[in-house]
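Scrolling down, you'll hit the structures one after another.
Common to both upcoming complexes is subunit A, partnered first by subunit B, then by subunit C.
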Partner chain A sequence: MTEESTPKVTKNSQVTIFLKHLHIDGQTLLLTGVFITLTLFFTFTVQKFFTPRSITSMAFQLPELGILSLAMMITILCGGINLSVNATSNLAAVVAGLFLTRMIPTEVDPNLLGWYVIGAFIIAILVGFLCGVLNGVMIGYIGVPPILATLATFTFFTGISTGLTKGVTVTGFPESVSIIGSKTIAGIPIPFIIFVVFTLLTYIILNGTPFGFKTRMIGTNPTAAEFSAVENRKVLLGVYVLSGILSAVTGILVMSRTMSAAYEYGTTTYVLLTILISVLAGVIPGFGKVIDIFIAVLILQVLSTGFHMLLTGVRGSSFFRDFAWGILLIIIFIVNYFVRGRTQND
Partner chain B sequence: MFGRFRVKKLIRSNEFVIFLILLFLSLTIGAINPAFFTISTLFDTLRSSIVFLILAYGLLPIVIAGGIDISFVAIAATTSYATHMFLLKQGYDGGILLYYLIAGGAGILAGLLNAFLVTQFKLPIFDVSLAMFTMWYGFNLFFVGATANFSLPKGTVGFYNIFVFTAQDPNMGETGLHITVLLALGLGLIIWWFLKYTTLGRGVYAIGGNREVAVRSGFNVRLIFFVIFGIMGLFSAIAGVTQAFLSRYFNPVIFITQPLDVLAAIILGGAAITGGSGSIIGTTLGVLVIQVINRALILTGIPVEWQRFVVGVILILFTSIPALRNLRAKRMGHTSQLTQSD
Partner chain C sequence: MSEPIIRVENISKRFGGVIALNEVSLSIFPGEICCLVGENGSGKSTLIKIISGVYAPDEGDIYLNNKLYKKLTPIDSIREGIQVIYQDFSLFPNLTVAENIAINHQLAHRKNLVNWQEVEKIAREGLQRINIELPLDELVENLSTADRQLIAIAKAILADARLIIMDEPTTALTQKEVIALFKVIIDLKERGISTLFVSHKLNEVREIAERTVIIRNGKKVLDQDARGIDIATMEYHMTGRRLDSSNIAFSPPGDMHTPLLKVENLSLRHGFVDVSFALRKNEVLGITGLLGSGRTELALALFGELPADSGRIFVQGKEVHINSIQQAVKNQIGYVPDDRIQQGLFLDQSINDNIIISVIDRLVTRIGLIKSKTKNEVSNQWIQRMAIKTPSGKLPVKTLSGGNQQRVVLAKWLATMPKILILNGPTVGVDVGSKAEIHELIRQLANEGIGIILISDDIPELFQTCHRILLMRTGRIVEEYQRNDIDEQYLYQRLIFSENQAKAVSED
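Our next item is the complex of A and B:
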């Protein structure tokens, strides 16, 4: 009874406070709206779209791009960019793959094989860590503009992968490697669970630690951060190391799903797609939310699978998807502009 | 006194450092393989630089104004390929000029669309360009065509072989400098003039330095954006058509992997990624450095699979050198002298 008698204004603001507490705002609502609209649209236009089978296949596909987008997002948040995410992910997969194909003795105890696979994954993470250190030192300590530094390391990492593999795809891993990429737990694909775990981890790091706060401070104003006793160099190093590790996790997912490692996997599109997702999620230096990245990845996957099914038999349907992505981005920008404008007028 | 000051300023300038890098690179490669110091290598490197120079010149004003654009490659691909498919359908067999006119016009329109979205809805340039990048390539591949086209109109067949002058090379026989070098040169001069001697051009630097101040000082920011995006669209279209006729086929996904390379060349040439600085000479040197690295590496005898690695090492070193200089200068307390350039 008392709740009903409270004035409407207060009730409204209570809702706003509650939403704010959950870090939900206009951008998140807009993205959720777009996601639901698209899902409904494809559910009604494509018969096979909203079936367990297609949903599972989507859940297998999107984690790679999702974790790579997180790797991209945190660097944008601190005012930079990491063009080497995909190169890092490929290098990590290639090194781990070479370890698995060349270092395991031929007469190995089958029980030990699992440890070799785990060792390979640790090596992949270590490679991601080292790639991140190189980026972080160049950007944080030497002061190379992030776009230039990571373009150079993109070429450098791809160069190492190309050289090590002589341009040939690495295959022939032990069967157990594929567990991560192809099995499910309680009906949920393992890659998707890993994606959710890393989304939560990134959320905790960015929103619950001093490091995350400093990252956003540097993004908003590096000079002000420096004068507020933030050690910019160390934080930037940390951000790029984290980005490298997330990229390496993507590499593990890719090698586990495709059972191969190649220097050229996804080179032409993945980097730009991760930037596109960050932009769709409204991430700008200093501001941006992990949950928005998550929804943006879902939107892209729905759009991709949806158009693929809708245009079955039409030549080049993936090209139409690219076209639609561009249009959708522009529409979201414009809607955002009007939403922003209205709240500013209030 | 004045002369000494000028020399000091020249030596301190970013352009000079890039020039030294280019010199050092050429000498090293030449020392490994003297075949590098031949006229045919020079002409080849210049020929492969032409389109990248045109693309970079078109992009430069936007970078100076503080924007990053990647849609210019998609505009280049879509305008050139769509123009070709259109003219092919009409049974056109005339010269190359009509290609430049139609593609150029379409390019300007595409550029203006970017400018409209950026100014009307106050959107970040990069975000718009990313959307346009995806959209134009998707449009080109889905609606226009997805396969490379090799049938050129009769009037344009000999174009790839028109030289400004030819020289006798001891190893390769006769080699020539392609006529489109003049095109790149002319376009570079236009941008140089635009940036240095027009009010709009000075406004580009003003916007890059501080947009708010530029608005308050009475620069028509909206008009400036329309002009520089129009230039970008036009130059991209010209680059797309030129590339197609130099390589003798039209490719719907041309340049798709290269927007960031062009941007890197401009930044390497001394333009700040945050805007406010950058020059035609620096951009030219930046493009040449990257071309020399890419082209001349073949001559050094490094195994093919490790060449990209070497390019990466060189890029890491040469992007770090200017940054290290700035770092040292900052410690010594005269950062302002180094960051300024025009």
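Our next item is the complex of A and C:
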């Protein structure tokens, strides 16, 4: 049936191509429009919204969710998903936190303390790497469906974190740990700089390397990728390892900002939020832009902070934030439907 | 002559600015076997959909059993005895044969409870009417394509069909199943039931048609008694140009002493046994055989997807071990799969990306970044060389026609500079015009020094392209022919013979 195309379909596909191109840039345009509208809205409705103080505070908060969303996005791009991003992030923070609180000798030379902190961060990254290897081997080599594999590792990693900490939040880090999470460079919060750096890195990896190219092709059609001599298993392993490392970076930001590490940090919402951001950014297997993830993260933060400030003192204001996120998602779907709705039915 | 079952007059149909059908008239009489022929996109599907009431024509009249329908609905069409069997047969794979055949009857009589005896009775009656026996309790998903088709036909007959429209019915059938289907069609004819057989397989059309109707670009260009129309005439009317197949320049193949590829005693469990052959430089080697003869497995073994269990493979005299696709590619072997959509293409991705995926690792700078300029140059160069018709390489590959899509798959492998190219059914689902062009391309590639293994059961295709032809039967290479020693008719018989013999052997 697919071969048999009447002139109608041919004609339509011309339109499709046009809209598709419009859409890809259109998604970025749409998100930018939403971002500006919301910023303007809160600027005029909330007195203190558009002030250096509140902007700085947002720039401190959003990188955690941002980098975690990148970790989610790349797995969706290759046709999978990673439900264990937040569990990986927590495990990395917990292991690094335990290293800092238990492994540093009491009579340590203060000059060496910085090296211990750096060592802890490297350990966190290593944990993220290993978590990624476990996911990647299960998905790429054993062939477990990504949603099941990462649901299993989500529980597994959370279990390890809980066991290691006995459910207690790890605190008492050296002061220098907080530098990343609390200092600014030229007025820009360090977490935000790190977010921008990792966004750029992800962009380069996805768009400028054969690995990123293959990731998108596998997401589009894994069988054809295999028949094109792509080593699917290696690429998938790479994707989940990268996802694990990005998750661990988030863990470092969280422990640095809160000066603590907990098995349960963000468990209830973070994973769903990263999926929500990916959906908002229009990421589907084979297609998706890093810049859209970046803007989608900004939008969510503006909504969150804006409503928080708008409704200060109102009971149930935090529920209203979730409500607003939901509404936003629905609006984006509807707009997308009208922009490209018909073309998807082809 | 009796009244026609269907008579359409001066039907036109536009989609946006495109004219799909332009003043087409067609009548079909009781008991007639009429073939509707046209290239992809010629408008034949639109015509079927108008006859079955799916589309309304912009202009023109439809008479069913001499009754004018101003606004024909699918229900009207079915009530007048017109049944369409689409390529997917519209069956329920999770229900049994009996349930599938009887379901329309049960629905029509608004039965809320199932009477199993009645279901079985109806199903048996339906199968009897086409002289077919099938296990009534078998689930449809366990049946072959051919059997599913027979069920769809039985269903149509039970609905008191007077005209059965079959849309590309032989696409997934083996030669023998095609013959069985033709028998059913002739049976139907004897009962006064007409068939509109829609196809672009011209040898089949020639065999079954009483009347041949050809449409091209939405216009009827031929409508006459099928006797005396040969394939060349049909091709001419389908494409609007003469396809010259008689004077093909074959390049002489290289010498036999240093073959490009030599295979010795290659075996794969459940695939093929003890296969040995050699492929020379500049040679196109045909491998033919019916579905299940092991021809695809052999291709997949040489390409590393299904590595062989035993035997030896030599590339240019050097023994190689091909256990993965990567190793095959390293040994400069390329493979164009038979399932283009699933295995060959990334439909939603751009033409450029579809081409360069095979060489992306070679297009990087020292620090591992893709050279985007070189990348575009490479893909553009192949789009030009393969004459892929598209306004831009950035468009998704799904916007291309079947023939152009196949060129993209070919370009993907040619970009790797292969020495050996394995083509599995390279023109399946490709229209006649592109088919001839792809055949020309294959000869040209051989001329440039590539050794080509062409796997196909399209006999004219083998004669168009191959120097030598190997015949496979139940996993073995049983015969080898030089192209010039045999003719198409002979090879066709050997192919069918092999199936009958294989069956006889298995029944022993």
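One rule holds for everything that comes next: the second predicted complex is superposed on the first by the 316 of 346 C-alpha atoms of A that agree within 3 Å, B and C clash if a C-alpha of one lies under 4 Å from a C-alpha of the other, contacts with A are read in each partner's own complex, and residues count from 1 in each chain.
Criterion: contacts are C-beta pairs under 8 Å (C-beta built on N, C-alpha and C of every residue); 3 or more make two chains touch, one makes a residue touch a chain.
All figures in this text were calculated on a predicted structure; none of them were measured in a lab.
Engineer: Applying the touch criterion given at the start, work out whether A:Gln47 contacts subunit B, subunit C, both or neither, answering first, second, both or neither.
Structural biologist: neither
Engineer: Look at A:Thr106 in the shared chain and tell me whether it touches subunit B only, subunit C only, both, or neither; answer first, second, both or neither.
Structural biologist: neither
Engineer: Between subunit B (first) and subunit C (second), which does A:Gly286 come into contact with in this model arrangement: first, second, both, or neither?
Structural biologist: Once the two structures are laid over each other on A, A:Gly286 reaches subunit C alone.
Engineer: As a test of reading the superposition: which chain, subunit B or subunit C, is in touch with more residues of subunit A?
Structural biologist: B
Engineer: For A:Arg216, select first, second, both or neither according to whether it touches subunit B, subunit C, the two together, or no partner.
Structural biologist: The second partner, subunit C, only.
Engineer: For A:Glu231, select first, second, both or neither according to whether it touches subunit B, subunit C, the two together, or no partner.
Structural biologist: In the superposed model, A:Glu231 contacts subunit C only, not subunit B.
Engineer: In the superposed arrangement, which partner chain does A:Gly208 touch: subunit B (first), subunit C (second), both, or neither?
Structural biologist: second
Engineer: Touching residues of subunit A toward subunit B in the complex: what are they?
Structural biologist: Touch residues, subunit A against subunit B: 83, 134, 138, 142-145, 147-149, 151-160, 162-163, 165-167, 267-268, 272, 275-276, 279, 284, 315-316, 319-327, 329-330, 333-334, 337.
Engineer: Could you list, by residue number, the parts of subunit A that touch subunit C in their complex?
Structural biologist: Checking each residue of subunit A against subunit C gives 1-8, 10-14, 16-17, 20, 204, 208-210, 213-214, 216-217, 220-221, 223-231, 286-287.
Engineer: For the complex, give me every residue of subunit B touching subunit A.
Structural biologist: Those residues of subunit B that touch subunit A are 68, 70, 117, 121-124, 126-128, 130-139, 141-143, 146, 256-257, 260-261, 263-264, 267-268, 272-273, 303, 305-313, 315-316, 319-320, 323-324, 326-327.
Engineer: Residue numbers of subunit C touching subunit A in their complex, please.
Structural biologist: That would be residues 15-20, 40-41, 43-46, 86-88, 167-168, 218, 305, 325-326, 328-329, 335, 337, 341-349, 353, 357-358, 360-361, 363-364, 368-370, 372, 395-396, 398-399, 401-402, 412, 429 of subunit C.
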